[in-house]
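Presented sequentially are two complexes of chain A, the first with chain B as partner and the second with chain C.
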Partner chain A sequence: MADDFMKPRRKSGPIKLSTVGAWLVSLIFFLPIAWIIGSALKPKQYVLNFPPKWIFVPTLSNITEAISYGNTAKYFLDSVIYSFTAVALAILISFLAAYSFSRFKPAGTDFLMFLLLSSRFVPAAALVIPFFQLYNLVHLQDSFLGLILFYTMFSIPFSVWILKGFIDGVSTKFDETGFVYGASRLHVMFKLILPQLRPGLVAAFVFNIIFVWNEFLFNFQLGGIHSYGIPVGLFTSITKDGHLDWSFVASIGTIYVLPLAITIFAFQKYLLVGLTFGTVRGEV
Partner chain B sequence: MSELAFKVSGLSKSYGSKVVLDDLSFSVNINDFSVIWGKPGNGKSVLVRSIMGLERIDAGEVIVRGEDVTNKNAGSRNIGYIPQSFALFPHYSVRENIEYPLNLIKASDADKEKAVNRVAELLRIEDLLHKKPTELSGGQKQRIAIARGLVITTDVYLLDDPLVGLDFKLRERLIDDLRRTQEELKVAFIYVTSDPLEALSLAKTVLVLSKGKIVQQGSLTDVYDNPQTVQSMSALGFPEPNFVPGKISNGTFTSDIFSAQVNAPDGISDAIAGIRPEGIVIGENAKAITLEATVALVENLGSENVIYLKVKDRMLVTVISRTDEENLKIVEEAKIKISILPHAIQLFRADSEVKIGEGKHHE
Partner chain C sequence: MGVKFASKDKAIKAKSKSGQKGEKSFGWKLLIPVLAFFGFFNIVPTLWMLGLSFNDYKLISSNAPHYVGLSNYQSFLADQQVAHAVNRTFVFLAFAIIFQTTLGILIGVLFWRNDKLRGRRLALTLLFTPMVVTPVASALFWKLILDPNFGVGNYFLQIFGIAKIDVLTSQSLAFPTLLVVDTWMWTPFMALMTLAALGSVPKAELEAASIDRLPLFTVIKTVVWPHAKFILMLGILLRSIDAFKTMDLSLIMTDGGPGDKTELIALSLYRYAFKSFNLGYSSAISVFLLFIAISLTSIYLYVLNLKSRKEA
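For the complex of A and B:
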């Protein structure tokens, strides 16, 4: 991604020094990930070699072993279920909120928007005990419903911010044109406005899925044996069999980054527009 | 003349202390092309939005085909609407855009097909139906927006300055299209614009909107020949009329560049004389008021030249034919004699801008 932002304006002629620099910086950022993937594919006996063994016959045995170990597959699946459900739900709710903020402009919209985001100013460590007690009280611990509710709430503020910017960028003429021809408000929202927000929806989705997918603390505290996700799974199985198995860690790490990598790669063309909050967007 | 299609009465709308529509009333007949002309800032778009039901009005009523729709929402007023900005849905194809109003009333596929083909033929956009709005030029987009407005069958259509921002040639063609369409459908077109040339070429009936009121309504020739206010005089034609301030006493209008015998009440110290470009002719004329002028600018419009004349410190504009060879000798910097035809002078009060009289024919 980084090199996409830094990509210089394309000019003919020899490759420029800045291009080379951008590639170098990008590679440095990519190095840890490359290292993890490399270690996962290395036969077990080479993983701790120093100096590192660069040339080897890659194997999938570490990865298949990691997947079949204990609850790994379940952790992974659980993570997929609760993160994707929660973020999708959050985006739906945020769209309704963002549309209202953008179109009805309730008194103090700016302040309300600020309040919404301020819920994310509080450090997670300060919230974890109150949430633990709350979840205890309402019996939502170790349940998918509990986690999905938490992560939905967790994802709403940024989603509302991102989507409001995009809805502001869609002229109210579209709403009015719909109304004049007899459309209902819901029809206008979902049939006329929502389809024009694709880059914003993608940005909100990717942005939040990265947060939720990587969230450890609340999954650990509010979840349980039935609802742990892959971050907790990775943490608890690091010292499996009483020792640190780097091949195992690297394998889980590789599986771990895969869903995000695929999601982001698939939506890359919208993401650039989305993350610049629509400023490079063309209007019809 | 014919059946009443549409009527508003006592329409008022204010934003805080700013009055935008001021007890405004007018009516429009079926099978008429009515142009509401107003300068920017005189309440045009608020009027359009009030008629369409997009804006809540403070007082007054809106009646379509005898039915009071004041409290009905936008969708149930059954007025064909062509918005100023095209507002074509980018995620729909051109055909889907045009079909859109029909989808909302759940028309059958056969009816949709028929209606879309009808308007596509009318506006000559058959080739564009499968495209996406993003692939179209500005003029094509506007034609699609017009088609979408015309696709529902009704008898009142409201066109909100639909040609603004389009290039000249395209506007000419669309003006043609719109006139033809209105004549074929024999329905009421209410066309809102700030362009005097558009008003002139489209209107059968002209309504002049000034400061939130309709200050004059009449046939095209009536408003052109007998403008009742300064705004009415500006409403039609191109270039804009000349307006010269002055005062009236003893039956004479006196300004810094000319004086003229007039039929108007005395003692008005702040008057305005309005003279259309064709009221100023080149050369001396015994029956007119002759002035010395310097040609400041000559604008070639093809068959005509627009001449900007400097008389003392004041600028006057006139139009002369380019087919007359004598006229081609009038070039910039030339010093010439011009004549103001007295009967072409319209007099208004400066404060209320209402007509108070006109120039007297010289004997």
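For the complex of A and C:
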């Protein structure tokens, strides 16, 4: 990244216009989210004011109220349970597959990788119908098991792609050295290769969790009152008690968006590989 | 991997007790869990969907599903509403890609030139957050902002002397508004891809160009573009795939309305399945969408292969 060719020569001096521009762009993009956070912190009576009330004493009462209201806490807890269980399971079995694809290159590797990726590119609405029926048939609807199994599949394509990319990057000399010293395949895989995949594992873990958190349609259709997660909680927040309570919507939105923003801050360098399903790596 | 490694590999394999055949079957065994998941949670539902698409099956009618051949596909091809939704989706996709790519490149270049920006990480966090927010949340946020009675969006319009307006129920403005919100969500992604694309240009080549004092246009054409084009293309393709899937956004913001002004194909499909419960017909539409997804994936992997060949 550190190239100087198109840059003004001088680095010191007054603040550069492009610096202001970059910050301005960032703030503009964040403004709608900031407005929601602001609305959540606004005392209830001001939220529908027009023109909007700009100066107010912020309060946490909307947020604490939203957390204790109805199923809010459960939605969040459910999402955490699904995402962590499903993603952990997906990464474990994806690692086995990725190692096989990378080292053994079984016939049809490319085709299988293609199928995995394309399964993630199909509009959710297209696959939700057969899932809906199959889940009814095997009584998996509105169950944790059903959703965890679905989200495991949901997380597999990205995990396989990213881990295969990282295993390809580890020289086969490591495997060979291991064998020379009499290590078993499994020992080589888990003790020699796995520890070197740390960035891939972190990216797969963080971004799959975000994807599962954000998944709406399947949770809505396959789940039920016992198993809804955050997006359904957001979706149903507009019909709380039969009327629209924007303080409540903004509060749930804030509880949802803040951890996400913090995650993006903490794992920024994995964002690229995360959002391209492990197909593109590089610096940003 | 040179010949040397290959021969070494063979020697090692010969040494191992199981031998080459055992090794190969071990490779397959490692695939079993993923293949099992893929089979149960992908192949089976897809085949099921394929089967449904040849049947007349409505959940609300008491008739048992029965085979009707290609009739669902025939009505799909003759369905004007679906044709409009598909057209609208492509228009949406085209505008979304044009806006987001243009803005994304500009913003990406801005941050690329500012790689020593103070608080760069925080600035990028603020910029990137919209794209990781689930569309359900974004749609709700914008509904609050665009509310005709108290939304802050209308407040700003009033400052410029424009009367209060409900953009989400407006015949002429609902679709552009959806595009604006989509552009807000996904421009950061194209900025991210631009940054990655620019980052893939070898620094040595940039330095050489800078020493030779090549004009900017020449640098872009001969140094930047040959490297950057792949990642940029991948970004555009990923955006196309995603734009084609757009559903949550229009479901919550406009519910396809007013009329069918913001009805995109994924939303129509959802409606056919879960509002009119016509599973046979909606499966036929699903098969069509599946076909598009597979085609787009093929193009994506084609570009990805070009990229890795160039790097090798």
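Note that in this section the second predicted complex is superposed on the first by the 237 of 284 C-alpha atoms of A that agree within 3 Å, B and C clash if a C-alpha of one lies under 4 Å from a C-alpha of the other, contacts with A are read in each partner's own complex, and residues count from 1 in each chain.
We take it that contacts are C-beta pairs under 8 Å (C-beta built on N, C-alpha and C of every residue); 3 or more make two chains touch, one makes a residue touch a chain.
Everything quoted here is computed from the prediction, not taken from an experiment.
Look at A:134: by the touch rule set out above, it reaches chain C but stays clear of chain B. Looking at the superposition, the partner that touches the larger set of chain A residues, chain B or chain C, turns out to be C.
Of the two partner chains placed around the shared chain by superposition, chain B and chain C are both touched by A:179.
Once the two complexes are overlaid on the shared chain, A:242 sits clear of chain B and of chain C alike. Once both structures are placed on chain A, chain A residues 173, 176, 179-180, 282, 284 are touched by chain B and, in the other complex, by chain C.
Of all the residues in chain A, the ones that touch chain B in their complex are 171, 173-174, 176-177, 179-183, 187, 192, 195-196, 282, 284. Contact residues of chain A toward chain C in the complex are 1-7, 11, 16, 18-19, 21-23, 25-27, 29-30, 32-33, 35-36, 39, 47-52, 93-94, 96-97, 99-101, 103-106, 112, 114-119, 121-134, 149-150, 152-153, 156, 160, 172-173, 176, 179-180, 185, 210, 213-217, 221, 230-231, 234-235, 237-238, 246, 249-250, 253, 256-257, 260-261, 263-265, 268, 271-272, 275-276, 279-280, 282-284.
Chain C meets chain A in the complex at residues 1, 5, 8-9, 12, 15-16, 23-24, 26-28, 30-31, 33-35, 37-38, 40-42, 44-46, 48-49, 52, 107, 110-119, 121-137, 140-145, 149-150, 152, 154-155, 158, 184, 187-189, 192-193, 195-196, 199-200, 203, 206-207, 209-210, 216, 219, 231, 234-235, 238, 241, 244-245, 247-248, 252, 266-267, 269-270, 273-274, 279, 282-283, 285-287, 289-290, 293-294, 296-298, 300-301, 304.
Per the touch definition, chain B reaches chain A in the complex via residues 49, 52-54, 73-76, 79, 81, 83, 85-91, 100-101, 104-105, 133-134, 141, 152.
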